[in-house]
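You will see chain A twice below: alongside chain B first, and alongside chain C after that.
After this line comes the complex of A and B, so read on.
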């Protein structure tokens, strides 16, 4: 059952922001595919809901010279259908392609997937690897934070009570970067990840100049695999190196056991998926 | 062996069935007639229980226990009474009749009284004027329960340290036994013996539509619209709870969103709960279970622990099966006495085994109770039996198919209970044809190697399943047919359409017998106004329900023949009914329409209504000796299954399935095929992913986020089924049961294919990817 709630809806951003300033105890709803379930199961208690789903100014995908900009209210299905995302944000496109069911994708937004702060959110590791920044706006100002600094724990972020996530900014990087994304679930589709992994490698011929690796569902927040990255940097890409580097991931993750998988299985799958994602990145170059 | 007892009073019925069994040509039977309910369902016109909008309707929800075992001290509405939409709280003290809904053993209350025995047990019903308010108010109800120590593990429960039902004196509900020969001696003397312990978990029915019932009180009694599987059972249980005569309780079947056995057990109980609320408030009440209520509080497939020993001789003949079967009943016995007996009787698999000792134990625990579910105790035991067959074959050095062929039941064989099966045993042929179609021998040689991190394997498994009730438990069917003056026909049956298509099949049978098009027939099913036809379970709906309709229709046909013979100038048996015409077989130009013939019957004193009662011949089972008659006939199933195992993650994909079924005459091949598909998919879920996770008796995953059923991406290519039509003499045109069959061998077939692919022997289901991965890791580390 959903407890009785006061419901407010605005169609432009500034009205929503000024409402939020005066009602900081409001919970923001966009697609609602996570929030409604959490309200029903009482994981979240909210007395007031701010519906931002009709704020059309937050629905865009912009292809600029230095950045891609994604409005926070772009739905997962729109990302899936976007040629820009497919061509230039490969790991994100891969993630949204095996994301829930069609009905959920039609309603769920990228902003919601981020702000819900599930450790298993499939769009987040790709965005970390793409070095995305988040625009957080209140009635007075806009600030930008790196996505990997956004999360504090399951369901917890650094967003202030009067702020709305308005935009995801993805820098355009040079063509030496290669990306991959892999997720593992308990069945073949329509499933929450047990582990998901995104990898970005900057290659100079066969040398790895730089690496960014992020994993989901293996710690209280999505995490960078900095030990793996460090192991790879400035080294020649050999299968021996990939094997060794993948094992380093155990130093970067802190998985728990839950109804979906044991911590032990998550550790083993993290090693495997990092290895597979790295190999996939290198295969793209061949 | 035992022979069947035939009733003298049923002679005419036997001869009707015998006559039709000889028929060679059919107009409607064996055809892919379109489902009669297809258009209504596709267009959204079909009315489900929640679609009946009635003036003054009020809404009820169950109030559940959040304690697995305890003494119920009090239930009070608390602050709920302050709400304007609050109507009442219904508890066991409101019950005018008996607070007893146990199926076979009277151990289960409609609403808990004095004691609670599982987390999720219904304690009370909250009634409100709006559904949302009912949902809201149930959380305000004040429940006081004094917790008791609880027992969750059936093996632990066997110690009887904590009793789930003190009045019973033990947690062992009952024991079953099937015995022949000398199993102990045979185990010592067999050339090869294999011993393993197998486990199976719960399975939830996961039907699209959760449970719900609409009870409408009237001046003389109560009408209850409910998606059940046996209207007359619901009628009898509701009458017991209300203390009203059965005849005053009317049951109507709405469209149903899936049953699979779960609604057979639940709807009499939930119907009684709804009726009780309606009785108290004197208004129509719609009681619905939410998805979470359905998960926490409706019955599940019985978890099992099976210790299995079997032996064979050097030349590949089975010598002995010695098995102990423990079924976890949960808090109430429900159908456990019957699922367990079925498992015990089917424990050898469909093979000739000279020495058998099968012992079953049904055990109470403080968990959600067990219940009917497609296969009814049989999938668990066939999993064990058919895994054993592969293990024994390997030990002897025989191919698993060849080993099975050496031992398979054939006409004239004797079963586990020493029952002679004379005819309708097509499984030998089914095995051989599946092997050929699946290229068994070639794939057994080629597969089993790892290529790019993936390994393919092929496995097969057989199943048998007794049709109708077991032993001497009475079984009958009935139907009522009325031909209107204009020649249109209404058929009344208690058999329920739960999505399986049976009403279409039954209509085809009536069409065939009367020689009129399907469109002329209106089939009214699943209502208590029809004669008691028994339940739509045990794969008996089309077979027994069809037998009754065939008998009733044939009685009418004979009357039409008698009347028509006078105008057609021939003897009655020379009158043919086909395609809406009634004609002289020798001179087909001499004919009248069906309508004309009916009109004549009305004016010449022929009864145009008939019932078709049939009492199934049964034999005797000697409970003391553990042998004798088990079932009047068996259906048989063979599947070959190809899997691909991802050896790095443990994720198993079932890629291809070859089914073969021996279900006698196939009335509608399209419907038969869809039943086979559904059963295979449900079997794959049971084998690989469906898992009810419990912590202190509480279900941790009462939702589809974490209780996984297969999606379209998890489905294999299912080959065209092979139909081996081994006719059954008491079935309509020789039809046996079909709907459960394809699920039963799936756990073993998939497991045997996993074994072939990667060498690991699954001994528990669900065999999830994590379990498979851990087993491979353990093996690598050895």
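After this line comes the complex of A and C, so read on.
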């Protein structure tokens, strides 16, 4: 049993939002795959739970001309089976194909993966690279924030107590962009990442016009590797450039040692994985 | 105190009083006496508490009972039809795909669901789908053989 709580469930968004306005001491539960464990281990104390898992208006993948939109309650398994995600959000698709196990993917939501704000969350580096925005809604208004600006530290975000993450908005970018994602875990997918890396390169023939790189598990929040990006921009893609640029990643990360790996190991693996992900990205183009 | 919820467990409607903080796994085992569902880690790691909840395989230790009011639950007790074991159950017996048997209900249920969805699952797909369940006796080889062998029955079923 977990500590005592009061449980509330609403099936439509506006009811849930007005409940939340009046009960700011409530914790939201979606799939519960992070939260139930945190409640049990008393890492989180909550008196009240707001169950949003039955709000069907937050379960959709919408394919538009400039953007596509993912409702916050879409499960990881649904993303894995989605052709839209496979076609337009390659790095995210790769991430959900290396995510947890079947039972967990069936209940775990993308919104929960983001809002849990684990530095290891697998969907986040891909969403950073895809330049996703998050829609945060309270009873009066909706605001949109860039996903990179959402995180403050492990388990901490800028979300207000009366807000629900309702949607992830991903711009459709032009076809010059190429992507890759690599996850290093102790076991293929069962376990949280030791390091994960997503890369997006905008290529003009062999020249790198633009680069976006994001890593997880190597700092208190998922991070952009801005030094690597800067090193790559407007340069010819040679293997020497990739080697040198990958080493720059040490300036972008602040890893710690934990039960999964030591800080030193994470530094070495970050260099290696950035290099591998960049090469993979360039390989796709051959 | 608590509240009453209704669950359809292996085809029969059950009403049960639960507290808001009770875990589905504990309600199934302790209140509804569905003992095939095993409890070992209570933290999503071993997979022994796997059930089919509204047709989806989930770990019942990560779910609150109050969350699933009105749901349908299938466990290994509900697989046999008219006293006949499901093909996957027979195949586990024929292949001796167990030692202590503690993990067997979870593996049987998960592989039943897998074969229903994808009767021609490859060995890699079988391994991936079952990777969330742990067998401490190490009978994985026999389990995979049992599933491959049972798959023909599900292929036939899917055709008719």
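Keep this in mind: the second predicted complex is superposed on the first by the 284 of 286 C-alpha atoms of A that agree within 3 Å, B and C clash if a C-alpha of one lies under 4 Å from a C-alpha of the other, contacts with A are read in each partner's own complex, and residues count from 1 in each chain.
One rule holds in what follows: a residue touches a chain if its C-beta (ideal position, glycine included) is under 8 Å from a C-beta of that chain, and two chains touch if they have at least 3 such contacts.
Nothing here was measured: the structure is a model prediction, and the numbers come from that model.
Give one of first, second, both or neither to describe whether A:158 is in contact with chain B, with chain C, with both, or with none.
neither
After superposition on the shared chain, which partner residues are touched by A:260: those of chain B (first), chain C (second), both, or neither?
A:260: touches chain B, not chain C.
Identify the partner contact of A:176: answer first if only chain B is touched, second if only chain C is, both if each is, neither if none is.
neither
For A:272, is the partner it touches chain B (first), chain C (second), both, or none of the two (neither)?
First partner only, chain B.
Identify which of chain B and chain C touches the larger number of residues of chain A.
For chain A, the partner with the higher number of touched residues is C.
Shared contact residues on chain A, chain B side and chain C side combined as an intersection?
Looking at chain A, the two contact sets intersect at 1, 3, 187-190.
Going by the contact rule set out above, which residues of chain A touch chain B in the complex?
Residue positions touching the partner: 1, 3, 184, 186-192, 259-262, 264-265, 268-269, 272, 276.
Quick one: which bits of chain C touch chain A in the complex? Just the residue numbers, please.
Going through chain C, the ones touching chain A are 19-23, 26, 42-44, 47, 50, 56-59, 61-64, 66-67, 110, 128-132.
Which residues, counting only chain B, touch chain A once they are in their complex?
Interface residues on chain B, with respect to chain A: 132, 135-136, 139, 648-649, 651, 653, 689, 693, 700-701, 705-706, 708, 710-714, 768-770, 773-774, 777.
Can you name the residues of chain A that touch chain C in the complex?
Checking each residue of chain A against chain C gives 1-7, 9, 29, 31-33, 36-37, 40-41, 49, 51, 53, 100-104, 106-107, 187-190.
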